[in-house]
Structure formats: structure tokens, C-alpha cells
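Labels for the chains are A, B and C, by order of writing; each one numbers its residues from 1.
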Amino acid sequence: MLKLDSCCKTYRVGAFGGGELLAVHDVSFEVAPGEVVSLIGESGSGKSTIGKMILRLLRVSRGTIRFEGTDISALEGRQLKEYYANVQGVFQDPFSSYNPIFKADRVFTMLRHAYFSELSASKWNAKLESSLDAVSLNPGDVLGKYPHQLSGGQLQRLLIARALLLDIRLLVADEVISMLDASTRIDVLNLLGDLKGRGLGILFITHDLSLGNYISDRTMILRRGCVVEMGATPLVFGNPLHPYTKVLLASVPQLHTKWVGIGDSARRRPDDEIGEGAGALVEIEDGHFVRSTESTTLT
Amino acid sequence: MALRVDGLTVYYQSLRGDVKAVDGATFGIDDGEIMGLAGESGCGKSTLGKSLIRMDARMRYVSGHVELDGVELPIWDDAKMNPFRFVKVSIIPQYALSALNPTRKIGHMATELLASRDIPPDSVLPEFRRRLELVGLPMTVLERFPIELSGGMRQRVVLVLSSLLDPSLLIADEVTSALDVSTQRAVAELLVEFRNRGFVRSMIVITHDLSVLSQIADTILVMYAGKLAEKAAADMVVDSPKHPYTNLLLSSLPEVGVRFEEQRLAGIPGRPPSLLDPPTGCRFRDRCPLAFEKCGEEPPFAAVEPGHSAACWKVAA
Amino acid sequence: MSVSERGDVEIGGRVQPATVEASAPITATGTPLAPPAVAHRSEFLYFAFRNRKFVAGLAVVTFMLALALVGPYLADHKPLEFSGPTDQPPSTEYWFGTTSFGQDVFAQFVYGLRAAFLVGALGGGIAWLLGAGIGFTAGYRGGWVDDVLNMITNVVLVIPTLAILIIVAAYLNVHSYATEAVLIGLTSWPWAARAVRAQTFSLKTREFVDIARLSGRRTRQIIATEIAPNMSSYLLMMFILLFGGAILIGASLDFLGLGPATSVSLGLMMHNAFLASAMLLGFWWWFVPPGVGIIAIVGGLYVMNVGLDDVFNPKLREL
């Protein structure tokens, strides 16, 4: 359904734009219908950039992104609108996603003007109610209110409902729960899991490995713009092969197990030391790819 | 007891009345103890931390006593607290990453800070350098501007600056929240190391992330809606929590290894109550699956077992 | 009990502020979850009219405007008409006295007020449109569009405006206040463009702009419906400042004798008074009214602006 081929994104930096910053380097992957792929990376890994490129909010510098076989960089005008009827995004900060001076349901009316202008009022309301129902929101609680009157969890769910209105095939979820409270996070996460069951493909972008592990079918680990490991989630988490993946997994704080080597100050070394590797992606086991590094051997 | 807090009540003045941010907090911290202060946003943990050093002008002290090393802290008076700040009590404020003045070099900030305490910078500079080296920062960081450092580096600089004068109590407010997972571990371990080396005697680590606390804290204090919910040794809280809120909170955290298809986790329905006009009785009542009539009366925060306190009628001894 | 300058009332040690904050649920930290700047018109009017500075400034400006509109009907003589005895101090017949040429100072004053408001509105308006237009485009588009517009802005900014206006005015022999206003408008927009550009830059990165793009909206629509409304308070204040600034520049030009000579303005009055040595001769009624007039209008506008700052910025309304 969605296919990225050797995508790169470079930014011009420095005075007069002389220098170059490689934000995303040679990233290729696919998302199938009804599949959740998690894109895990730390800040500066380029994961949000990939999400924005898929949403056509940024231009790809090199490489192609194809949706259902069509190259999306060529889309303009009405074709772009059609693309957005199939692919939508939800972002990290629920309060930044709404224009604070308008009511929250304006995000729905914007869609209505663009896509459902012929629909009668009653049909529109019915559609709206069923979308809100799918995200477990009570219309009376959320319609007609300003963003600051609603909670972060409600706002995120409204955005998901908005995406569902269009009957999309792919949702790009960029750190959608990192700004929510712990007790509401899991509800939004479960909602995404339920939607997956209904055939929605999700690109789940996060820095939190436990979340990726919870709902995704396949996982990609990103380091400084390069994919260092990718494969089925149980394989990547159960048998991490790249040194960076191993460091990440070792750093995740778990409730019932202590960090290995905690208190051992000799262990601490700057994170920059772990490179992403310059080699190509090698398939180690079924569907489990790792980027080879020069110095380390893969076991 | 290094720190003793008794009935601390701090409100925020707002234009529609008082926001009862912290209501009657009573607890103690031993010498050398790292206490994790956990809770969700709006529960009052940051307020509690800041009130111990009185760093926020919007807070209004209402009642209560705070005693550090046997001396009462005058937390109701801004000027009287001055001699205690950074010397006895120190804080790494929330958003410290962006709290560093972007137009000042790190070295300048340090000398200014010391000068404000009437301490000649030269007397402390060697120790300062030693500590920077300990946290893995090169000497050159003193010549840099904050924007040239990464988030993790900035957090470490602030950690060193805040603890430079060897305070008895360090309050670390959400110091790991904005960091990547590997840097988070490094900074968290540093906090423990600072305590181990005696740079800081006791510590309060404020965060919403219970998993980080389970790694580094000796005890954990859970707050909900301005009230203390549970306090016990860290592994007691994580393995056998008594308060229903703690229980529900812990079970809503996805751990590596838990997958949606196999085990669907549940959150806590509803929202915390407004603190402008909080409900009488237990503030968790509306969301608690175990609530019964007695919950209309506020449960005391009392010891359920030795070393384990909780504010819940169901588990009260 | 005491009342502070801002209208805050102190009762028994607790301060009750003069204004009420916008309704936003307050978390335990005492900060609203996502404070909007004053969100809707009714709220704006409510807060604005409770702000002393705004009301005072507005009152002065409105009074002068009323004088400008109605005054010419009250004046008995035409402003440039040599109607009476020269150098007369204020009397019942000539309320503001007469000039050295026997002209009615009051008539000149009220017609001059009209010219001032014309220059302010037209000059300020043109500068506002240019500043906002260029600022939004440069800020939203970025890239080379921004680079080019930025260069233009910087060039116009750096040009010594008054010098250019003097040269142009001398060359073109400006005939009407409308022309003068256009010239002023064309040269006083750069700071406004810069400010709008900066704000647009920061608003552009907010995610609601991305959501608008994902809803199929185009650039111009997004600027008009997402970005500009978020800056409405700033745009209003910018207009007030440009309005006042245009009046000042216009008065300066007229004072130097470079404005139109066919009609009368406050600056021109002062120019003539200066030429006739009115100050040395003690004919205060000739130059004091125009001076006071300019100060009153421009000062009133600026005070309104400061008041609006209080109204729009919820943080300034806090305890």
C-alpha cells in the first residue's frame, strides 16, 4: 500500500545555505493494509521528517514514496486532496494541533467544506456521530467546545475521529500519546489497536520502545536518519542484533527489573560512540534486516 | 530524619478562587534517601517540590512545617529562604533545558551563581571542574553557549550547577522527561551517583514515570489531586501497591514484552477533579472501582504496614 | 482597602485584580491549560472597556475625531480666509484667536485635524496593508520568496525615510494630503512587515497549520483563516501604531514646509507660526493648539495601544 524507496531528505544549512544536513538517508520500507509499523528513534533520528514526507508536508529530496503505486510527489490540487482522503496524520501536541481561537470541532467543519459539501446536514451529523462513537467520545461532551476546555486525550481522539471521517487507509501517528497522562495513554493506544483490526494501516512513530512493542506488527529502528534494524516486532525485540538496538533496549526502564549494570560508572560512555553503520541492510532471518557495521560482527 | 514535612498546604491564587494544589502533605525523608515523587500532571508534585524551596511567586503558603536537618525552613518568606537556597536546598527546575539563559556562556552563569551566594568562584572552580569531568562533560563546556549543547549535556550541566554547594536536599523536577531513552538512563544514574558520592545528601526526584523511579528511587511517594496517596519502599510500591490508584496506574503501563493482542491493558476512566473546588472525601472516589460509602469521608494518610502508608479506607489498618 | 493604579483592589492583604481571566480550567500548577489570547469579540469588548488606559486613550482620540468632523461646521470662517484683525488673542468671536495674517486659528485647527486623520488613516492604512501582506507572504512561504522580500524590507527600512520624503516632496510638489499620505504609507511599513513575518514564522510551525494543509487548504486560505486570526490583536495594535506614526511623520513634513500648501494642517500651522516668530512674539494661541492637538491624538493612540496590550495578554492580567 505505502512504499518508500531510498528516500532522503537534506536541508541546506549555514550562511547562504552552503552546508548540508542529511536528516533522512536512504530509507526504504513498506506498510501493508491493516498493518501497524512502528518507527522507533530518538530525537534527531529523522522519524518525524519521514512522517511529514509521507504526508506531503515536506518534499522528498531524493527517492520516491508511492501510495498504491502512484508517486505522491507528483500530486497537486485535486489529486493531492484525494490523497488526503486516504492518508491522514495525527501529531504530538494536542493543544498545538488546534487553532486556539476557534472551537475544536472546526477541524471537522474544515473537512466538511473540502470533502463533504454536498452532504445534507442530517447525513453529516450521522457520519460525525459514528466517527466519534468509533473513538469512544460522547458528542455532547466534545462538540461546541474550545480546545482549552477539553483534555489532551479527548483532543487526540478528536483528531483520530477526524481522520476516520475520511475513511482513510493509512494513519501517520507521530508521537501521538507522549504528551498524554499515563492513565489516558493506554486508552488511545488501545483505540489504535482496535482500528488496526478494522483494516487501517498505521505508521506509529515514537521514541518509546514499550509502546512500539505493544501495538506494532513490524518495527523499524532509526538512528540519525538511517534504518539500522527492521523486522517483525517479536523478532526485533526478542533478538536485537544491531548494537544501537541493544543499547536502546538496555536503557528502557522496566518496572520489575533493574537496569543491567546499574551503578557501574565504568559502563557509561557517550552515546555518540555507537554509530549506525555504513553497510547495507542484510537479511539475517525471515524479514529481519540489520544494517551491517564495519567494526562489529553480527551474532 | 533529614527532611520532615508536616501538614504542608500550598495553594495557587487564581482569579476564580484558590487552586488547592497541595493539601496537608506529611512525610519524611532520611539522610541519603532518594525519594521518588510520582503522579500525573496536575497532581501537585511539582508544587510540592517547589514549595520546599519557594521558587514560584504564584504559590501561596497556607500552613504546615518543613524541617531540614533540624532547622525549620521559612518557606513562607521569600527573603528569609534566600540563605538556604542552593546551600541547603537546591532544585533542578522543570524545563531546565530551556531555563539556561541562551545569551550567557555556561562558565559565566556558574560564576554569577556563586557570586550571588557571596562565594568566591575561584574557591569552588576546581571542584566544579572535577564534577564536570565526572558527569562526562569536557572542560570546554564552560566556554560554550547552552544552544551548542545537546539536551542531555545541558541537563548534566544543570545537575552539576545545582549541586555544586553540596546541598542537603536536591529537588529534581522532571529532569528525565524530555530526554531520549539512553540519555535518560545516563542522567538517572548520575542522580544516584551524586547521592552515593555525598555531593547531595537526600533527593526528591519528581516525575510521572514510575518505571524510572523503580530503577533509582529508594522510596516512592504517589500523589493524586493534591493529596498523598501512597508511600513505601520503591519495590513495595511497584510489586505490591496498596492504593487503588497506584494499582491502576501501574497496570496501565505497557512494558516491553506485553503485546496488545495477548494482553489488553486498561487505563483509568475519567479525569482528576478540579482543584478549584475539590470534592469532599477521597478525591479518587469517582474513578475508583473499589469506592464505597465511607469514601465520602476523607481517608487519612496512615501506615498500613510498617514503612508503607496509604490513604484508602479499604486498606486502612 | 486600597485601589492600585491598574484597578486592583487590595482587601486585607489579598489582592483582587481588576480584570477577570478568560475561562480556562486551571491545573494544580495554577496555569491555564492552553490560554487563548482574548478569543472572541464579546470578551474583547468586556475586557477592553474595563481597562483604564484603553478607555482614556479612546476617549481623547474620539473627542478629537468628533472635533474634526463637526468643528468645520462650527467655524465661522474658512481657514485660509483673511477674515479679521491680525494677531488677536482668543476672544468670543475668534475662539482660538487669529494669525498674523488675520486667519481664524480655530478654523485652521479643526480643518487641520481633518487633514491629520486623513493622513493617519490613509498613510497608516497603506503601510498596514503592505506590512501585513509582505510579512505574511515572507513568513509563510520562506525560501527564496522570503529572501527577496526580506532584502526589500531591509532596504526600505534602512533608507532614512524623512530624507527620502523630503526629497520626493520637494521634487514632486505635493498637492494634496492624500498624496502625502500615500508617500508616508509606502515608506513606513518595514518594521510592521518584520514583526508580522516573525510571528508568522512561529505560527507556521504550529501543528494546526499542518492539519489545515491536510484538510486540503491552500496557502492564501491558511494565512487568512489560520494565521491572521491568531494575530488579530497584534494586527490591531500595529494599525494603531502605524496610524499614529503616519500623523507624526505628516506633521513633521508639514512643519518643514514640505507638505501641501493649498490647504491647512496642524503641522503647517506650526510651520507658519514659526516663520512669523509667533513664539518670540508671544502669540501662543497660534502654535499651542496644533501642538496640543498632535500630542493628544498621537498620545491618545499610543495609550490605547498600551491598554490593549494589557487586554490581550492574559499574563499581564494575572495576580
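The criterion applied here is as follows: contacts are C-beta pairs under 8 Å (C-beta built on N, C-alpha and C of every residue); 3 or more make two chains touch, one makes a residue touch a chain.
Values in this document were obtained by computation on a predicted structure and should not be read as measured data.
**Student:** Going by the contact definition above, tell me which chain pair has the most C-beta pairs touching.
**Tutor:** Answer by contact count: the chains A-B.
**Student:** With chain centres set to the mean of the C-alpha atoms, which chain is at the far end from subunit A?
**Tutor:** Chain C.
**Student:** Which whole number of Å gives the spacing of the CA centres of subunit A and subunit B?
**Tutor:** 31
**Student:** Averaged over CA atoms, how far is the centre of subunit B from the centre of subunit C? Could you give it in whole Å?
**Tutor:** 49
**Student:** Taking each residue of subunit A in turn, which ones touch at least two of the other chains?
**Tutor:** In subunit A, nothing touches at least two other chains.
**Student:** Mark out which residues of subunit C touch at least two other chains, giving numbers and ranges.
**Tutor:** Within subunit C, the residues that touch at least two other chains are 25.
**Student:** Mark out which residues of subunit B touch at least two other chains, giving numbers and ranges.
**Tutor:** 41
**Student:** For the complex, which residues does subunit B have touching subunit A?
**Tutor:** 40-41, 136, 151-152, 180-186, 188-189, 192-193, 196, 208-212, 214-216, 238-239, 248-250, 252-261, 264-268, 271
**Student:** Can you tell me which positions in subunit A touch subunit B when the two form their complex?
**Tutor:** My answer: residues 42-43, 151, 181-187, 189-190, 193, 207-211, 213-215, 233-234, 237, 247-256, 258-259, 262-263, 265, 268, 270-271.
**Student:** For the complex, which residues does subunit A have touching subunit C?
**Tutor:** Checking each residue of subunit A against subunit C gives 52, 55, 57, 80-81, 84, 88-89, 91-93, 95-102, 107, 110-111, 114-115, 146-149, 159.
**Student:** In their complex, what parts of subunit C are in touch with subunit A?
**Tutor:** 23-25, 32-37, 39-40, 206-208, 210-217, 226, 229-230, 232
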